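Please find the structures below.
Same chain, two partners: chain A is paired with chain B first, then with chain C.
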Partner chain A sequence: MTTTLPTALSVTGATKRYDSGFTLEDVTFDLPAGYIMGLIGPNGAGKSTLIKLILNMIRRDAGRISVLGMDAVADEETVKERIGVVFDTSCFVETWTVGKVERVMRPMYRAWDGRAFDGYLARFGLERGRKVKELSRGMQMKLMLAVALSHDARLLILDEPTSGLDVLARDELMDILAAYIEDGEHSVIFSTHITADLERAADFITYITHGTLYFTGPKDEFEESFRVVKGGPDLPDRLPDGAVVGVHRYATGFDALVRTENLPHLPADEVVVEPASIDDIIRLTNTGRTAAGEV
Partner chain B sequence: MKLIISSVSGKPIYEQIKDQIRAAVLSGELAAGEALPSLRKLAKELRVSVLTVTRAYNELADEGIVENIQGKGTFVMSRGNELMRRRARQRIRRIFDETCTAAKAADIPLLDLMTMLEESYKDRP
Partner chain C sequence: MRATLISFRLDMARVAVGSAGNLVPFVLPLFFAVVFGMAGRDGGSGFGIGGVTGSTYGVCSILPIAAFACECQEGHRRMNGVIPANRTHQVFGRYLTLLAFALVFLAEMAAALGVVALVQGGGPAAWGSLLRSSALPGVWCYVLLQLVLFPLFYRWSDVRRALLALCGLFLGFAALVALAVTFVPEPALDAFGGALDALLADPGVGVPLGVASLTLAAALSLLASVRLQRRKEF
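Then we have the complex of A and B:
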């Protein structure tokens, strides 16, 4: 319904080569304004590298990234005022108090809203006198979130915000994100290993594995693109060539991930065909390479 | 309107939303011209993604159950409009196809099937 808003985030051909040999290669995707995107992939897939590229914390080797219609490198100063960032570990000095965090952060943002910040402190039960190091992991995340939400940011970039949080804190975060995008003008990209968070909140999924983009698009489309086929130990060899994306074999049977469009007709008494969860897709696309002898 | 989402039913969430809204419209619980909740608000309330609700609303509009009016929202259409009737026929045909396949597999003759249909039809108010 909102037609003229700029794309919240547009990544085109983003590439980063590290001396260690790891490469994030040619990643391209768009996040439309007003939606939540989940960034997923196994450890070491390149999620954090991608987030650092978006934030211009590392130099890219190729590609273009635009944030809220501005260039992530050329317009870095303006971009930083319009985004809110939450990392998986606190980025504040441990001996600072919550009050000091505000005194340090306030001058960095022209649009700093002290009343909004106070509101979040009260809502999250954060006391100004508390030191950062005295806060639990969940409270540290909420402190970063309070800062991220108190300067009129249009895009939130969250790097594993829910890791190490209990179910209540995760649920509260998802409520906050849903309310944040409700007006259709605010957007969120967050990386996570906890796929329950995605099932609930994410509109779009970007899936990275081995430094390359595997999928980007609506979450429903991602899940509907795949099926899990289960059956006896001899069956995987009878599945047509190229139909199997990944397979996990065990003594008495197998689970295979198959693209829905390639789903072969198999006798129902020999196999079980199930919808694929996000976890199934990540798990089986990462065992397939070795087990099926590809790559 | 009551909307309940099950996470274990195996039925996609957008279909659950769609089925319940369609039922509410067909039963008259939602009157013609009435506005559905804004899709972003409903997504937040139901704790599902915005795209999930968008899909449910769009498919309901395609069935002629509701109408999306740009910039205003989504509204219930009058029951028995042309599009709704046409879509209902299509849906019933699909159910008939399934029914007939099952009947043939079980060697049930057409006449018996029609009797069963008649009984089922008359059982309903």
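Then we have the complex of A and C:
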């Protein structure tokens, strides 16, 4: 994906090999400034590995990562002044109070805005005297978000922020992210396996499966690139090779994922064609007859 | 420098957690000072000083262990990936905490030795003598021990393994001493010990030697810790 817009995050050929045999291989994508990117994929795909690479929490075996125009390793100190991070669980010491979290985090950032932090505490209903361990999971996420939003971070990185949250909390988070990017100078990348969140908020999608980049680009283009084709149980074996990205068979028929441009090659009178949701694409690219190179 | 201070403040915040109950261990050396001071009143002052020094060691050893252990618990290490400080800064910040812990150790020793001097009927002069003869060497030993321990903590995230490795080093050192005692003639050992004692008793020699040795140990320890931390994955 190429873009002439200012880039909040640029990942080029990022590769990480683990001794276990899992490899995140050659991931390349750009996040233009002022947009939200959803990083999706099944469990174990490599989403958190990619986020750890961006945060320099693990070593890259290859590739380059640039955050807000700065090298993620060489300029790590400056980069981290300008980004906010929210993990799926709290990273604060659980015996700290909310007030102590502020006292600890405030001196770390030159651009810390105490009034903004107070505002987020009030909005999220966080009391300064409460200990982190006394907060629910959703409230702990909101505390991390309050910290991340209180030092003029230009890029928010969220790793599975909505896992374990109820639908109201997830909606609230998506509203906050949408407001965050409104001025065009702030950007968000968040990993999730709850695709409903993406439907609401994401402008771009980067889809990783089995450690490989499957797709990166506008969300609408992702969904429009595929169709779900349904038909009788004997049909999949008669479909043209290469036309089907992935197929799920069941007793009475099949669901197959087909690239839109390959639809004319299918027997139109024997199949039903439906739009593909993000869930469909993820599900059907992780079954048999799946080829990552089919992007 | 700013990034190092950020790391230092984070580590101090990690250690200084919990309620006032966490301060109770730091009262123990003062309690032991009363007990050992009374026990050493009739000529056994060395026993009293040893007890005070040992209890202060024991209590102050908690501090660096707490810094490393807290970092590894419950995903707190992820904060290292969030704060605006790279791994080298984080190591330097952790070593700055050692300075702070050494000051706590010195203060604790000074207070406990003051209690010993008081219990044994000595005055400020006795206290000053105890500070020179016990507190300063005690701080030197405490810092040296931590300078050996820190790279072990960076090598093994599991604090217990690091402490086991330290035990192994002590056993190795004890074996060397045993060999020396076995094979070096006793007069030679006595002469060596006497000369060393006389040398270190002179503050003009002992203090610079202590500072120089700690500086060298700190440099080697820092180098090892930075290399180990840079290779780590969170």
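Everything that follows uses one rule, which is that the second predicted complex is superposed on the first by the 277 of 295 C-alpha atoms of A that agree within 3 Å, B and C clash if a C-alpha of one lies under 4 Å from a C-alpha of the other, contacts with A are read in each partner's own complex, and residues count from 1 in each chain.
One rule holds for everything that comes next: a contact is a pair of C-beta atoms (placed from the backbone, for glycine too) under 8 Å apart; a residue touches a chain by one contact, two chains touch by 3 or more.
Here the structure is a predicted model, which means the values were calculated and not measured.
Participant: Identify the partner contact of A:64: answer first if only chain B is touched, second if only chain C is, both if each is, neither if none is.
Facilitator: neither
Participant: Is A:81 touching the first partner chain B, the second partner chain C, both, or neither of them?
Facilitator: In the superposition, A:81 touches chain C alone.
Participant: Which chain makes contact with more of the residues of chain A, chain B or else chain C?
Facilitator: C
Participant: Once the shared chain is lined up, is A:106 touching chain B (first), chain C (second), both, or neither of them?
Facilitator: neither
Participant: One more residue to check, A:259. First (chain B), second (chain C), both or neither?
Facilitator: In the superposed model, A:259 contacts neither chain B nor chain C.
Participant: Looking at A:218, would you say it contacts chain B, chain C, both, or neither? Reply first, second, both or neither.
Facilitator: A:218: touches chain B, not chain C.
Participant: Does the superposition put A:203 against chain B (first), chain C (second), both, or neither?
Facilitator: After superposing on A, A:203 lies in contact with chain B but is clear of chain C.
Participant: Using the touch definition from the top, say if A:230 reaches chain B (first), chain C (second), both or neither.
Facilitator: A:230: touches no partner chain.
Participant: Would you mind writing out the residues of chain A in touch with chain C in their complex?
Facilitator: Checking each residue of chain A against chain C gives 52, 55-59, 76-81, 85, 87, 89-96, 100, 103-104, 107-109.
Participant: Please give the residue numbers of chain C that touch chain A in the complex, ascending.
Facilitator: 3, 6, 9-10, 13-14, 17-18, 70, 74-76, 78-86, 89, 231, 233-234
Participant: Can you list the chain B residues touching chain A in their complex?
Facilitator: Those residues of chain B that touch chain A are 10, 12, 14, 40-41, 43-44, 47-52, 55, 68, 70-71.
Participant: If we count contacts the way the header does, which residues on chain A are in touch with chain B in the complex?
Facilitator: 1, 34-36, 174-175, 178-179, 181-184, 200-204, 218-220, 275
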